Every structure is written in structure tokens, then in C-alpha cells.
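You will see subunit A twice below: alongside subunit B first, and alongside subunit C after that.
Entry: the complex of A and B
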């Protein structure tokens, strides 16, 4: 009996000890993450403008209605979807391809690797400005090359055309983001046992077969999770759109997150911005739920 | 066990430190507690004044901290040198937050009553109402050089409630930049009216050579340029300098048929005389189009003169006064005013005003204007050859001509009620996207003007508008 009591108190002491250590981070999260988040949700149902902060009447769903009624609203939804699918898809394909190429040995590989990974290290706003000038329809280098090659007769306004502006941003985004996938997949590829390839070679498998029957299944779970993580971060990546087009022309290259960013700067209607933020948050939340489920489902699949 | 105790102690200390940190941060973040902090700051200021006096006696310098919105090393160094030369007891320290977030950063600093004495661009209703900006009326009354400040700027300084809250150290105005060599080649005179500008721009457009007449700005604030034409067409007959978006009839400027004409003019200018890519252009792209030799005309601020001097050969370009409206003969344009304010909670207001007297005084301001690209704020400056001749001569002409009307952008903010302000806010929200839709032909001039006018429709029933213009 005595020993059991002692055991219990030892356990309680341990729990208290753990709680004491967790408390700072929990409090930090509550104050800097959950308080602003919950406040944001409440703000989305209120009439909050920077000009009149004393008056915050509840206006029901008015802010949501205003956001959904935007003249370029449909293109925001379409772009947000395409932004996720195209950017992540292309980044994955290019990044994976890159990492497979980097598997092989060639002279100057290290230098090449560093060059490939540089875009990933540059700030999105800076990349936006660089690509904005590259796509410039007056003196941009891309137009210059196309005109010199005779593909175009006169420079084309890539960023001023409602049909091309958004895709130009996608190109720039893939340019920066593929390094991310390349780094992750390169690391994953190193975990695949060489024995399996040797065994497959003995069995007479060719390169394509080895890729589909050994490489891909071995790193499948990691790839899936990486894609999901990337999708979540892509939802919240307005910097490049902001830097390159500012959402233009005529709002046709906005995604939800870039719309929120430009409005925070140009408007003081924080109620509506919060409503857009809540919608963005819900989408991200859905992606996160899929991620959590996927993590559980894929657990142990690599073993 | 000892280790555990130590660890617990450490984590406890961290927690305590964090909590105190949080509480002070929350105090400053909440608008409601501004008053309390103001009181505390006043007490602090009193105490500091005493120490300042003590410091003066002992020969130590008072450090005046200035926060600027746009960093400029040459300007900042000159301001420091000017202050050092004229004030023995003052040392000027300048802080510049990164420009893309300067506004928010400064608001946060003011909110937290950080140790700032002078703030740039503080003439903001929001700042003044929160008590962040000091009243300088008594100070300027005792300053003899205040008399020669441009009358229009004096009015603007006092436009909020009759009191002076800040001093202008420079003004920004647009002028017309033109390719002198192209005009000469084509035998065209420098345009003086909007229609002449249009005709010349169309004549000089040749897409096969990548040459266009006008360096249009279709993106960020592009609509403001079209608005100049609209305001000029309504002219002083209907326009009031203090309310550039509302006419003397108590209507939005966009309610008049002239607004639709201005839209049509601008659409033609875009389609017939501008690079199609200019739809996506903001400030840097349109300026680049001019100095790189692909556009004949550009309307922009004085600082572009320095850029052109750097990249273009003398004689190939020139500046001219802004075009006037063909019928009314007037030109209306937003006049930017770069200014400094003293913070309401500054511990060294007297010394801070000494600094402003140096920077905004006749001599110091002339020196500052020359290196800063801003136009001087004293009437005496016109006698200086730098501002009376060469590329700046256009501004001297504009300054002397009463038909050139420079107004403070959105000046009606100073009068509008909270409710009216919250409606006006919508005007700025999607303006770039709507202007681009107008240029693309996706939005008709009628719909565009109706949308723009809707944010000022309150002017019909506004009490202060009726009172100001004697309407029923």
C-alpha cells in the first residue's frame, strides 16, 4: 500500500513537471495564435474599419456577402484552385525530376546543386519584382528573347493580359518552389536501399520498371505528405502575386490570400478582410484535416 | 532532484517574464488604454524635461529621434549636418522602417508611445485625434520665417481644425515630361492642353518601332491621372480646393457628364497612344518606359527629373507645365506635401521644433530641396536659379500661374464624419481593378463613374457640405 502511494505521488509529480514545461509554449500559442485567430473570426461578423474603431457593430454575414459579391470574385476561386493544383503539381514534377537527375554523378554537380537551390532562398517579394521586370512588355528580357528568336514580332504584354498574367506568376512560383521538392525528394531517395536496385537488376528490370516498382513505392508516403504540406503553405503564399501583378489586371490574378494582402494595405475595412481570412482559414483547415488523416493512414507504410 | 528544481525555477522565471511582457504589450495595443498611457507618458515627459535641463547645463546633447517614412541616405545626412551646424545642443537621430511596411510600423510606434520626437507624414486625422501629434500653433507664431511659407501650404497645414500640426519641408507636384528630340523631328510643339497632348501622343506612336506616345500608368493609382482631367474640366467654377472629390453643388465629381468624357478620353489615350502592356504598369514601369526611350510623354513627379538626368542625354528631353483643359484653361493636380510633425508625447518638444526650423527654414529648405527632388516651401525660393531655370522651371511657371490648382489628395477627409469616412473607404478598395476594367473595355464609362460616384453620394445630404457651399 505504501509503495503504491509513493508510486502515485511520483507519477503526479512527473505530470506536474511536464505541465510546468508545457505551460510557456501553451500560453505563447494562446496569446499569439489563438487569441488573434478567434478575434479575427469575431471581427468577420462585425463592421470594423480602421477609421472608426470605437464602433464595431455586429453585421451578421454582411462582410462575407461583400467578399463573395466582388466583381472579379469567380476568378479568385478559380485562381485559388489553379494556384494549388498547378503550382504544387508542377513544382512536384519539376522538383522530382531534378532530384532524379541529381542522383547521377557528373562534374560540377555541387555547383549545379547550389545554383538550383538558390531560388528557394530568395524572398517571394524579391522574386516577384525580378519576374515582373522579366515579363515586362516594354523592355523585359523574355520579350526580348522571343522577339530576337522571331517567335514574336512585337513584345507581348504578359502581365497586362487578363488571360496570361496569372500563369506568368505560376511560372515564377514553380521556379522558386521546385527546389523545395527537389531537396525533400533528394533526401527521401537516399533512404531507398541500394540492395533492392541490385536485386531488381539481377531480375532483369529496366530503369522505368525500377522507378515504378522500387523508387516510387518506397518514398510514396513521404511524397504524399510533402505535397499536402506544400499545398497548405501555398494557400497562404500571396507574396509573389503581390510582387508581380498586385492581383491585376482587373483583379484577374488574385487568389484569396493575395486579395487579403492587397486589401489590408489599401483598404481599412478589416471586417471584410477578416471574412476573407476566415474563408481562407477554413480551406486551409480542410487541407490540414486531410493531412492528419493521411499521416495516420500512411504510418508504417514505408516499413 | 536539484536539477529538477533548477529547471522548474527556470521555467517559472520564463513564464513570469513572459506574462509581464504580454501585459505591457496588450496595454499599448488596446486603443482604450491610450489615455492612460498618455497620462503616464506625460508624467514621464515631465521627469525627462527635468533631466533634459540638467543635461543642457552639463553640456550634454539632447538626442532628437526622427522617424521617416522613406529612407534617403543623402537627405538624412544633410538634415543631420544642417542640425549639427545650427544647433549646438541637439543631436538628430533618424530611424527609417522598411518602406513597404513603414506606415504600419509607425502607427505601432506611436501607439506604444515609443521614444520618438519627430514623425514624418503625421498630418493624419487618425493620428491627431489620438493625441499622437503636438499642436504647433504657438511655436509657428513666434517663428519669423513662417511668413514666407507658400500660402497654399499654410492653408493645408491648418486644414484640420485651424491649428498647425505639422510643417511641410517639401512638396511633390507632377509635371509633363516630353521627348524634345522626337517632337522636333516630327515638327510638333510641346503640348500645353490635354487635346494637344493627345494629338501629339497619337502622332508619335509607332508600335513597329516600340515607340508609344504616352507612358500610361494602368495599375496602382492609374485612375488618379484621369481624375486630373476630370477635375480640370469641372474647373474652379464647380471645384473647391479643400474638397477635390466633391463639387460646390454637393455632388461627387463623377456625377457629371464630364466624368464620362474624361473616361472616354483616357480609353482613347490608352488604345491609340500607349503601350498595351501599360495596363499593368505602376510607377517604376511607366518611368522606365520614358527614360528607356519607348514613350514620348510622361506625367510624373519632380523626382523623375533626377532619374532622367541619370539615364538620358541633355537635349533629348524636357519638362513642361501640366497640360491645361482646352476649354476651362485650368489644370488640377494632387500636390503631395512631405512634412514633419512633433509627437504629442515627445519629451523634447522645444528642441524638436528647433530641428524643424532648421529643416523647413528658408536656407535649410533650399539645400534640402536641391538634393531631395522636392520643391521648396518658401516663396523666396523662386529667386534661386536652381528652381527658376532648367528642368525645374516648369514648376516655377506652375507656381506663378493661378490656373494651376494643387490640392491635397482626399482633402475632404479632414471634414467628413465617421460615417462618411467609412463610406469613402470603399472608393479606394478596388479602384485599380476597376480602372483596369475600364481601360480593357470590360466596364463602361457610365458604370465606372456610377460606381465611383456612389462612394460620395452622401455629399447630397451631408450637413457640413451644405453649410460649406451654402446649399439648402
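Entry: the complex of A and C
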């Protein structure tokens, strides 16, 4: 009888423990992640504006149409595509190149790594501000260098030109993204077994052959997954653009996520912002599905 | 034969060091330029062609942002936010990770899916909705609101990370304590937390940095002078037509130098976990 009572209280204690330990996290996620996201999807079909917050009228796809019909809409799509492909591509090439250079020992390597990796730790917003000043059209240092080299005659307003603003943002983003890829590919390169290199050396392979026949095939899958992870996070990375151009001039350097961020702060058409968010989510989801398929495929090939 | 090899060796070395030098310049130059800009006087700031080294280095920009712009308060707010977010996430995720990785109970699978599903949610569609919710609850313009939003956002990532760390800790001590009649809460406090220090610490510095670097949420929710973080303050500085770049440079230095120092000191922890996250 006594032991049964003890057993019961022990079980109750366990349940209380589980609830006490999970509930705070679950509540936080419910209120700050689940509720806004689900309500946001509903709002994207409603005519919710700052002036009429309680409007419950469903307007079908009106909000989506409004977002897709934006005057600078085409450039948002083009920029988002370039942001994922050109920007991630350059980040990867630079970062992978850097990590290959770091494969050999040299004096001061530890300090060198601490320096070249450090942009990873700086907020995207601050990076945007730094490069906004670098590209300044009157007394920016990049204009100074180009004029001194004779490439430009007079300073050029890189960030106020609709054709160049976005590419300047890419240069700034590569500055931080390169560090990310260098760190990750360095970890990937460590997984390649040294025996294979030694065997290849005995067979007389040179550095380039070793790279293409050993290094690359061994970490190909890892690199692909890294690139996909980066693309997914880049879909939701508005702060650099926000700090550097604010999407300007005339909205021509916006990606979908930076457009949403600036609109949440400045606009009052919450229905349309939510619709843009749903579209962004669908793209992210598509990338995630590709990621899951790729993970399964690469796991299968390893076996 | 031997001569050919040395020539090749030197060419290889030349390319390698040139490459390393180029990456170093690309990385360091913007930071040096920012620093030099922050110690220039207004007169030298806007010269063209640019004068790289200021003739009369001055701290006037730092003085201005701290005296007139109350950047000390903003720094404190950013630090406070980072500490709260880092501390809360480290502790909360250690708790949830412990339950999810060590205990068996009904509905565990469902809870786990609840944690993981957050990564698939249309978060981007929820920004406006969240803002409305916060306005209704009269929670806008508060640092605690920003903190809560950031904490919630970091819980899934932190939990996964801590589960990974807990896997490496043997369960024998915990079992012995339970058999000896130690209560679960006491056992967690006395045995699990001390052993879980590496996981707690790693999650803490990652989320601390995320809190310190937050822009999105602070800019969205904070308006009043009292609660501005560094990001919001810098955003106000660049939001005017006639930007005072000396002040912006000094303010940005104040925002990025602590993050850079943290990274340099904890480089191994960061590098290992950024790299490790992808390897799994």
C-alpha cells in the first residue's frame, strides 16, 4: 500500500516536472511563432489596414495581386533570384577558395583566421551601414579608388543609380557570407581522409588532380547541402539591404524580405504585407523540400 | 627535374600568398576605413580625393554620439537585451532538451514535432500579424517585447543544439540520484545543469550575439529614446537627409567592436558549431 502511494507520487512528480520544463518554451512558441504565422496567412486574404484593423472581410487574392502588381515588382523578383544565385554563388566561391588557401600551414594562421572570419559576427545591418559609406557618391572610398585608378573621371552615385545599387549590396553581402562559407567548408574539408591523398601522391597525382578527383567528390554532397541551407537563410535576410539602401532607389534594390521589413515599419496595408510574406514562405518551403530530398539522396549514395 | 619542382613550388607559393593577401585586404579594408572615418573631423570627412589618414585625429564623433546621442544608454540597452535573450534561451532550451532527450512520456513525439514545425511556419507572413497582436496587448515600444520575440525565435535552434550536447553526457549520475530519492527538480539543478555547462555556454554566446546584433525586431517595436538599442539609434542617424557620417561611423564602431571581440575570443566555439551544424 505504502509503496503504491509512493509510486503514484513519483509518477505525478514526473508529470509535473515534464510540464514545468516544457510549458514555458511551448507557450513562447505558441504566442510568438505559431499564432502570428497562422493569423498572418488568414490576414493575407483579408482587407486589413491600419485604418481598419478589425476588418474581417475576405478579399480573395486582392492582397496578392497588389503585391504582384507593384511598380517595381519585376526588380524584386530579379533581385531575389540574384540574391539566391549570384550572391550565394559568389559567397561560396570566395569562401571555398579561402578555405582551400587555409589548408596549408603558415605563420600567424590562427590570427589570420580570426580576422577573415570576423565579418560573420557583425550584424547585417551594421555591414550595410559600413558599405553604404564605402559606396558614398560624394566622398566614398570606392569612388576615390576608382578615380585614382582612372576608371572613373568623377565620383559616381552607385547607390542612387537603379542599375548599380543592387550589385553594390551583393558586394557587401559577399563580404560577410564569404566568412560563413569559409568556416563551413573548412569543417567539410576536415572530413576528407588523409590516406586518399597519400595514396594519390604515391600514384603521382598533382595538386589539381587531387582536388578534382579526391577533394571535390568527397565533399560534394556536403557542399550542396551547405549551399541550400544558405539559400534558405538568405530568403529571410533583409537587414543588410535595410541598412545599406533601404531598398532604394525607387524600390529597385529590394528583395522580397527587405520589402516586407520596410513595409512593416512604414506601410499600413497589413493584408498586403502578409500576402508578400506568404509568397516568401512558399519559396522558402520549396527550397526546404529540395533540401530534404537532397539530404535523402546524398545519404543514400553514401551507403 | 629538381629545378622544375622548385619553380613550380614558388609559383604555387606566390599564388597562395597573393590569394591570402587579397582576402585579408577585402576583409580588413572596410573596417579600417570605418575606424579612420570615426576619428576624422567634419572638415576632413567629406574631402575628395579622400585623405586616408586624418591630419588631426579626433574623438569628437564619439563624444557627440555619447553626449548628445546618449549612446551609452543604447549600448546598455543592447547589452541588456543580449544578456536576457542569451540567458533565457540557454536555460529554457536546456530544460526542454533534457525532457526531450532523456525522458519518455506520452505525446513526446508530438511535442518534438511541435518544436521542429516552427522551422516550417510562414514566419514572414506573421510580422504584420505579430505587430497587431503586440499593439492590442499594449506591448509595443518595450524592450521586454523584443526580448520575448527573440527568445521564442531562438528556442528551436537552441533546443536542437542542447540535445546534441546532452547526448554526450552519461546518464549514470542522474539515475543514481533518482534512486537515492533525490527529487527531479533538485537533481536537474544539482547534477544536470553543472554537467550541461558546455551546451549552456555555447547556446548562450550564440544567442547573446543574436540579441546584440538584432535589428529587425528592435527597429520594428522600439520608438522611444529610453529603450533604443544601438541598431535603432544608428537607424535614426542614417534616416535623415543630411547624414552625419562621422557620428554614424563612431556609432557603428560602438555596435560592432564588442561583437568582433566576442567572436575573436570565442572563435573556436563559434567555428566548431557553425561548421558542425552543417556536418550533421
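Please note the rule applied: the second predicted complex is superposed on the first by the 267 of 303 C-alpha atoms of A that agree within 3 Å, B and C clash if a C-alpha of one lies under 4 Å from a C-alpha of the other, contacts with A are read in each partner's own complex, and residues count from 1 in each chain.
Just so it is clear, a residue touches a chain if its C-beta (ideal position, glycine included) is under 8 Å from a C-beta of that chain, and two chains touch if they have at least 3 such contacts.
This structure is a prediction, so every number in the text was calculated from the model and none was measured.
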item: When subunit B and subunit C are modelled together on subunit A, clash or fit; value: clash
item: Which superposed partner A:173 touches (first subunit B, second subunit C, both, neither); value: neither
item: Partner chain(s) touched by A:226 [first = subunit B, second = subunit C, both, neither]; value: second
item: Partner chain(s) touched by A:37 [first = subunit B, second = subunit C, both, neither]; value: second
item: First (subunit B), second (subunit C), both or neither touched by A:115; value: second
item: Contacts of A:72 with subunit B and subunit C, given as first, second, both or neither; value: first
item: Partner chain in contact with A:155 - subunit B first, subunit C second, else both or neither; value: both
item: Partner chain(s) touched by A:285 [first = subunit B, second = subunit C, both, neither]; value: second
item: Per-residue contact with subunit A, leading partner among subunit C and subunit B; value: C
item: Partner chain in contact with A:24 - subunit B first, subunit C second, else both or neither; value: both
item: Partner chain in contact with A:251 - subunit B first, subunit C second, else both or neither; value: first
item: Single subunit C stretch clashing with subunit B - from 133-141, 187-195, 205-213 or 259-267; value: 133-141
item: Set of subunit A residues, in rising order, touched by both subunit B and subunit C; value: 17, 20-21, 24, 28, 31, 53, 125, 136, 138-139, 155
item: Residues of subunit A touching subunit B in the complex; value: 17, 20-21, 23-24, 27-28, 31, 47, 49-55, 70-72, 125, 136-139, 154-155, 157, 159-160, 162, 165, 245-251, 263, 266-269
item: Of all residues in subunit A, those that touch subunit C in their complex; value: 13-15, 17-18, 20-22, 24-26, 28-29, 31-41, 43-44, 48, 53, 94, 97-98, 101, 104, 106, 112-126, 129-134, 136, 138-139, 141, 143-144, 147-148, 155, 175, 178-180, 183-184, 186-188, 191, 207, 222, 225-226, 229, 236, 238-239, 242-243, 257, 260-261, 264-265, 270, 273-278, 280-281, 284-285, 288
item: Complex contacts: residues of subunit B adjacent to subunit A; value: 4, 7-8, 11-12, 14-15, 18-19, 22, 31, 100, 126, 207-208, 210, 218-220, 275-282, 285, 288-289, 292, 294, 418, 421-422, 425-426, 428-430, 432-434, 436-437, 440, 442
item: Subunit A-touching residues of subunit C, taken from the complex the two chains share; value: 12, 16-17, 19-20, 23-24, 26-28, 30-31, 33-34, 37, 45-50, 92-93, 95-96, 98-100, 103, 105, 111, 114-115, 118-133, 148-149, 151-153, 155-156, 159, 183-185, 188, 209, 212-216, 219-220, 231, 234-235, 238, 245, 248-249, 252, 255-256, 259-260, 262-264, 267, 270-272, 274-276, 278-279
